[in-house]
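Both complexes shown next keep subunit A, but they swap its partner, so subunit B is in the first and subunit C is in the second.
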Partner chain A sequence: MAKITINGKEFDVDAGKNLVDAAEENGIEIPHYCYHPGLSIAGQCRMCVVEQEGNPKLQIACNMRCSEGLKVRTDTEKVQEAVKWNLEFHLINHPIDCPICDQAGECGLQDYYMKYGKYQSEMREEKVLKEKAVDLGEKIVLDKERCILCGRCVRFTQEISKTAALGIYNRGDRSVIGTVNDEPMTDNYQVNTVDICPVGALTSKDFRFEQRVWFLDEVESICGGCSKGCNIFVHHKSGKHIYRLKPRYNSQVNEHWMCDIGRDTYKNSNYDRRLTQARLGGIEMPTAEAIQIWAADLKTLVAMEQTDEIGIWLSPELTNEELESVFKLFAKEWGISKFFSENVSAIVAQDEAIDGLLYRKDHYPNSAGFLQATKTYKIKLDSTDSLVDQLDKTKIRHLIIFGPEADRAKTDNSRIANALTHQTFSVLVTAQLSVAESFPQALGIPSLSHLEKSGSLTNHAGLTQEMKGGLKMFREALSTQDILAKLEEEYRKPLDSDRKLEARL
Partner chain B sequence: MSMTASLIKKTSHHRNWGPMDLDLTAQPGETRLLMEHVLVPGIERIDTYESKGGYQALKKVLQSKMDREQLIKEVQGSSVRGRGGAGFPTGNKWNFVPKTNDKPHYLLCNADESEPGTFKDRVLLERLPHMMIEGMIIGSYAIQAAKSYVYIRGEYTYAAEIVEIAIQEAYNKGYLGKNILGSGFSHDMYLHRGAGAYICGEETGLISSLEGKKGWPKLKPPFPAVEGYLRCPTVVNNVETLACVPWIVNNGAAAYAKYGTPKSTGTKMFSVSGDVNRPGVYEIECGKSLRTLLDACGGIKGGRKLKAVIPGGSSAPIVTAKECEDMTLDYESIASKGSMLGSGGMIFLDETRDVVQVLKNLAEFYHDESCGQCTPCREGTGWVLKILHSFTEKQARAEDLKLLEATSNNMIGRTICVLADSIAMPALSYIQKFPEEFHAYLEKSQGSSFHG
Partner chain C sequence: MKLLDSLTRRFYFVTALKGLVMTGRHFIFNLVGITKRHTIQYPEQRRKYSNRFMGIHVLTKKPNNEIACTACMLCATNCPAECIHIVAAESPNPKVEKYPAVYEIDLMRCVFCGFCEEACPVDAIRMGRDYEYAELSERNFVVGIEYLMSRPALKGRNVSIYHETDKVVKSDFQVSDFKKAS
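Take a look at the complex of A and B:
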C-alpha cells in the first residue's frame, strides 16, 4: 500500500498502481484517450496531465506509478487550461460529424468536450482531409478523419492479438491508421479495436448504422460461444432486440477482450432466429397448451410404469440450474434413467485454446458444469449412437430433446431427427428456429436463448460464473425451469383435463 | 576507395549529398582544438590521422587499462557539455549508466544532424571521422559498451562512405574488434544510415529508429542510460561531443576547462549561415563575444546591418541585434537573452529580413517533420503554420496574433520530446521581439475579403 494525495485528499492505494486507475477507483476522473489499462503506455494523447508537487512541468498521469507520498493535483487552473487546449488540439482537424457517427453517445471526444471543452473553437482554417469509410476487412470500417491517433488499436494488434495488423503510417498531421499494403484484417479479435477506439474512427460493420447507443440498455452475462466463459455486456433495446455484445472486464477470464465469433452469438437471440411459438406439425399454439400435450403423453408412460421408454437428450450448454431442475424432475421424481448426450468427456479432454488467446475448441459454455451435474445426480450418460439405435428399435417412445442453440450439434440433430418415427412422441425444448425446423415431427416448446438466461456456467478452468439474466424477449418463450414447473403442474392435474385435451386433438 | 565504400547505397528515398563545399581556412578569432588538422590532406584516413597524434588517447586509456571511474571523472572534470543541443554534461551522462553488467550497454553516436542551420558535424564526419571514432571507443570503454553505432543522417551519403572506410581502417589497425591493444576490451562499431526524418535526431527517436521501429521518441522515464537501445543502458552522444574526448584524454580535464567559461568550457563549433559574407563552420572558444564569430565569418553581407540572430539552430528563440551587443558564446549568456546555444547553428538575419516570413518558413519545416505521436505537436504545428500563412497571405484577423501565442503556449512542455517547443518557443520570441512586423501584416489584412 501507498499513501498518495490527490487534490489535497489522502488515499490508500496499491503501491505501483497506475495513477489514472488509482484516481478513478477513488472517484477522481483523469481524462485520457491513449491510456488503456490492458495495453502498454503510450503517453501521446497528453490528456491526463496533472501537477505533481515539486515539479514545475505538467506530468502525464498514465506514466506515473503510485508510490508513498506522491502528491498531485488535477484541479488547478494550469491543469484545466492544459486539458482544455489539448482537447482543442484533438478537435481542430476532427470532422465533428456526430449526427452521422455511430460513436455518438459513447464518444470520448463528446464526453470530454462537455466536461472540459473550450466551447468556442478558434480554428477557422481548413481542416486536414483524410480518407473516409476505409474497409479494413470483414468486420471493421475506418474513418481516418475521425481518428485521433491515440494508437490503442495499433498497440492492441501488437500486444494482444499479436497480428501487428495495424500501424500508423505517414507522420505529423498526415498520420493515418492502416494495414500493411491495405490488406484486410482476418483474425478473430478485430472488433476489440472498435471497443477501445475512444472515438468513431473504427466502427463495427455489424453494428454500424443499426442503432443509436442512447437507446440501448445493458445486462451482464457470460458468452455462450465456447468453454472460455468471457464476461460480457448484452446491449439491447427495450428488451426486444439485442444489438451487440461487449466484453466485460474480468481479470481471471477474458480481461478486457472477447473474440469476434463470440460477439456474433447475440444473433441467435433475435426474432429471425427464434422459436417464438410452441408448435406441433406446423400448427402454432400457446406454450401452456403444448405443455399440456406433453404432460399427457408422459403421464401415460409413467402411469404404465414404462419410464424406460422415455429418453432425454441434453446439450451441455444448459446452465447448472437448468441441469439441476432437469435431473431433479426426470431422474429423481419420475425415475427416468435414459439420458443421452454428445461425448462431453471427450469434448472436454480435447479442449484447448485454438489460437492461444480466448477462443476454445469446446464450443459449449458449460461442459464442465454438465459433467459435474451428472456426477452429482448420478446420471449415467449414453451416447447419441445408442439413442439412434434405441430409436430404430423403438425402445424409446417418448424423447425429450433439450436442444442446442446455434448449429453446434448439427450432425447429432440430424441423426436423431432421421431416426425418429411416428412411434416415438418427441418434444424439443429450444430457443432456436433452425433447430425446431430440423425436428419437424417434434412438439416444439420455445425456451429462453442463452443471453436471456439467469444462472451459472462452469468454464473450462472450473470457474463457475453467474449470468444475471433479466431479459425475456418473447412472451411465449419460457425458462427451462418454468417449462418444467408447468410440466409438473400439468402432470399432477386430474385426468379429466386430459380428456378435454384428447377431444381437442 | 576501399571495397567498403560499395556498402553505402545511393538510395532514392533521400537526396545523396557529396562532399561539402566549404572554405575551412582558419580565421582570426578561432581556437581550433578539434579542427586543428582539418585542412591536412588525407586527414580522414587513419595513417594521416595517426601521424597527427591520432589514437594516442585510445592507447593511453587502453594500454594502461585506465580505471573506468577515473576516466569518467576526467570527462566530468572537463565539464564538456553535449554539443548536440541540450548541453547536458557528458561525464554525468556516462556516469548514469549502471556500473553492473547484467545487460549489454550501448553507445550511440548521434550523427543525424538535421537541424536547419546546423552542419558542423558534417565537417567532422567528412574530415575527422577518426576523432569521433576514437572518442566513441574511449566512451564505450568507459561505460562498458561492447557495441556502438553511428546513426548518420540519410542525406550524408559521402560522409557515410568516409565513416564506413574509417571504421574499417580502425578494425584493420586493431583499434576495433577483439582484445583491443591487448587490453582485454573488445568492441564492435557499426554505421547505420537514417532515412531522412528529422525526429530521428532526437535521442529516443534515434533509438526507436535504430531498433527498426518508426522513429518515435520514447517516454521518459525510463531514461536511455537505464533503458535505451533494446531496453538496455545506452548513452547517446553527439559527434562533436565524442570528438572532444580524445583531446580531453590527451591533455587532461584541467587543460580543457582552461578554455571557455567555468560553466561553458572548451570550444564550440559554430555553423554559420544566413546573411554573412562567409557562411561556414568556425570553432570558437566558449565565452568569446558574438562579434568574434561575426568577424570570423566576414560580417553581414552587403554592408547591411544585423537585425537578429537565431543562435542555436532553427529551434532556438531569436535574439535581436541590440541583445547581441553584449552576448557571448556560452550557454549562460545566450540563455540570459531568452534563447539557447543549442547546436551552435548561428543564423544571421540582416535588416532586410521579414521575420514573419522567416517564422513561417521554419513552421513549414516543423509541421513537415512532426512525427505525429503527441497531439499538441501533431495538430499544433499544422495550426501554427496555418495561422502564419494567413498572416503572409494578408488574410489574418485581429485576434490571430493572440491565437498564435495561445497555441504556441499550449504546445510547450506538453509533449514527449521537444519538437513542439522547437517551433512554439521561436514563435513566441519572434512575436515578443518583433511585434511591429506582425502588426504590419495585420494592418495589411484589414478590409480583405476574408473578413467579409
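Take a look at the complex of A and C:
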C-alpha cells in the first residue's frame, strides 16, 4: 500500500500501480490514448499529462508508478491547457467523419473533445489526405486518416498475438499504420486491435455499418466457443438481434482479450439460425403440444417398465444447472441409465491451447463441468459408437438428444441421424435450426441459445463462472430447465385413457 | 307548471323556426358575400401555408443524383416517434463509403416535429411542404428512398446545400427558399 495525493485528496493504492489506473479506480479521469493496461507503455500521445509536485515540467501519468508520497494534480490550468492543445494536435489531420464512422459513440476523440476540447480550431493548413477503407484481411478495415498513431495496435501484435503484423510506416504527418507489403492479417486475434483502437481507424468488417453503437445494450456472458471460457459482453439491440461480442476483463481467464472464432459465435443466437417452433416431421406446432407428445411416449415406456429402452445423448456444452436438472429428472426420478455423449474424457485429456494464447482444442465450453456432474450423479457415460450400435439393434426405442448449439458435433449428428429408424421415437432439444434439420424425423423442441442462458460453466482450469443471462430473443424458446419442468408436469397428468378409467370407477 | 310545459311542447315549432332563420341568414349572407367564407374551392383553390409548414420529408441529393444521406442514423436517433428505419451499406460509388440501402419513414407514426431535419449533419433530410396524402392501405404510408427523393412534386429541386458549391455553406442560408419553390 502507498499513500498518494491526487488534486489534494489522499488515496491508498497498491504500491507500483500505474497512476492512470489508480486514478481511475478512485474516480479521477486522466485522459489517455496510447496507454492500455494490457500493453507496454509507449508514452506516445501525451494526453495523460499531470503536474507533479516538485517537478517544473508536466509529466505523463501513464509512465508513473504509485509510490509513497506521490503528489500530482490534474486540475491545474497548466494541465488543462496542455490537454486541450494536445487534442487539437491530434485532430490536425483527422478527417472528423463521425457520421460514417463505426466508432462514433465510443470514440476516444469524441469523448475527450466534448470534455477537454478547444472547440475553435486554429488550424488553417489543409489536412493531409491518406487512404481510407483499406482492407487488412478477412476481419479488419483500416482508415489511415482517422488513426492518431497511438501505437496500441502495433504493440498488441508485437506483445500479445506476437504476429508483429502491424507497424507504423513513413514519417511525420505522413505516418500510417500498415502491414508488411500490405499483406492481409491472418491470425485468430485480429479484432482485439479494433477493441483497443481508441478511434475509428481500425473497424471490424463483421460489424461494419451494421448498427450505431448507441442503440446497443449489453449483457454479461461467457463465450461458448471453447473450453477457455472468456468473459464477454453481448451487444444486442432491444433483445431482437445480437450484433457483436466484446471481451470483458477477467484477470484469471482472458484478461482484456478474446479470439475471433469466439467472436463469431453470436451468429448462432440470432433468429435466422434458430429453431423457432417445435416441429415433428416438418409440421410446426406449439411447444406445449410437442411436450405432450413427448410425455405420452415416455409414459408408456416407463409404465411398461422399459426404461432401459430410453437413451439420452448429451452435448458437453450444457451448463452445470442444465445437467443437474437432466440427471435429477431422468436418472434420479425415472431411473434411466443409458446416457451417451462424445468421448468427453478423451477430449479433456487432449485439450491444449492451440496457439499458446486463448483458443483451445476442446471446442465445448463445459467439458470439465460435464465430467464433474456425471461423477456427482454417478452416471455411466457411453460413447456415440455404442449408441449407434444399440440403435441398429433397436435396443433403444426412445432417444432424447440435448443438442449441441453450434453444429459442433456434426459427424456425431449425422451418424445418429442415419441410425435412427422409425422404431425409435426421438426428441431433439436444441436452439439451432441446422441441427434440427439434420434430424428430420425427430420431435424438435426449441431451447435457449448459449448466449441467452443463465447458469454456470466450468472451464478447462476448473474455474466455474457464472452467466447472468437476461437476454431472450423470442418467446417460443424455453430454457432446458423449463422444458423439463413442463415435461414432468405433463408426465404426472393422467393419460386420457387413465382419466376415462378413473371416471368410470 | 304543467300548463306551461304542455304549451311549450305544443308551440315547439317556434324554436324550430328560429333555427331555420339562423341557417337561412348564414346561407344568404355567405351567398352574397357579406361575411367571410371559411371554406375554399379545394382542389382548384389551395390554402397558403406558412413557409415554415412541415409536411412530408424530402431526401436531398447530390448534383449527380446520388442520395446525399450518409446513413449516420442521427435522424433516427433524434426521432421521438421512432419511425425512421435505415439500413446502412457500402456505397456502390467507390468515392463514397456509406450510404443508406434502405431509408424508410412511417408517415403514420411521424409527428412532423422536424427533429430529423435538425439532427442531420449534411442537410440530407428536409421537411417538405406536401400535406396531401391519402392512401387505401396503412402499408403505403411507409415511404422509401424513391418517394422521398424523387417524387414528381419535388421537380428535382432537392439538391443538398452541401453539394451546390464547393465552399462551406454560410449559416444564413434560407432553406425556406427551397420550400417556396416546391
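Here, the second predicted complex is superposed on the first by the 496 of 505 C-alpha atoms of A that agree within 3 Å, B and C clash if a C-alpha of one lies under 4 Å from a C-alpha of the other, contacts with A are read in each partner's own complex, and residues count from 1 in each chain.
We take it that a contact is a pair of C-beta atoms (placed from the backbone, for glycine too) under 8 Å apart; a residue touches a chain by one contact, two chains touch by 3 or more.
All values derive from a computational prediction rather than experimental measurement.
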Joint occupancy of subunit A by subunit B and subunit C, clash or fit: fit
Subunit A residues touched by each partner, larger count belonging to subunit B or subunit C: B
Which superposed partner A:R152 touches (first subunit B, second subunit C, both, neither): neither
Touching partner for A:A133 - first (subunit B), second (subunit C), both, neither: second
Subunit B versus subunit C as contact partner of A:P99, first or second or both or neither: second
Contacts of A:G172 with subunit B and subunit C, given as first, second, both or neither: first
Which of subunit B and subunit C A:R360 touches, first, second, both or neither: neither
Degrees between the directions from subunit A toward subunit B and toward subunit C, using C-alpha centres, nearest 10: 90
Touching partner for A:E125 - first (subunit B), second (subunit C), both, neither: first
Closest approach of subunit C to subunit B (Cα atoms, Å): 11
Residues on subunit A lying within both footprints (that of subunit B and that of subunit C): none
Subunit C to subunit A touching residues, read off their complex: 70-74, 77, 88-90, 97-98, 121-122
Residues on subunit A engaged by subunit B in the complex (per definition of touch): 41-47, 49, 57-58, 63, 81-82, 85-86, 88-90, 92-93, 122-126, 128, 148-149, 167-168, 170-175
Subunit C partner contacts - residues on subunit A that touch it in the complex: 97-100, 104, 132-133, 208-210, 212, 214-215
Subunit B residues within the subunit A interface of the complex: 197, 199, 214, 219, 221, 367-376, 378-383, 386-387, 389-390, 397, 399, 403, 406, 410, 413-416
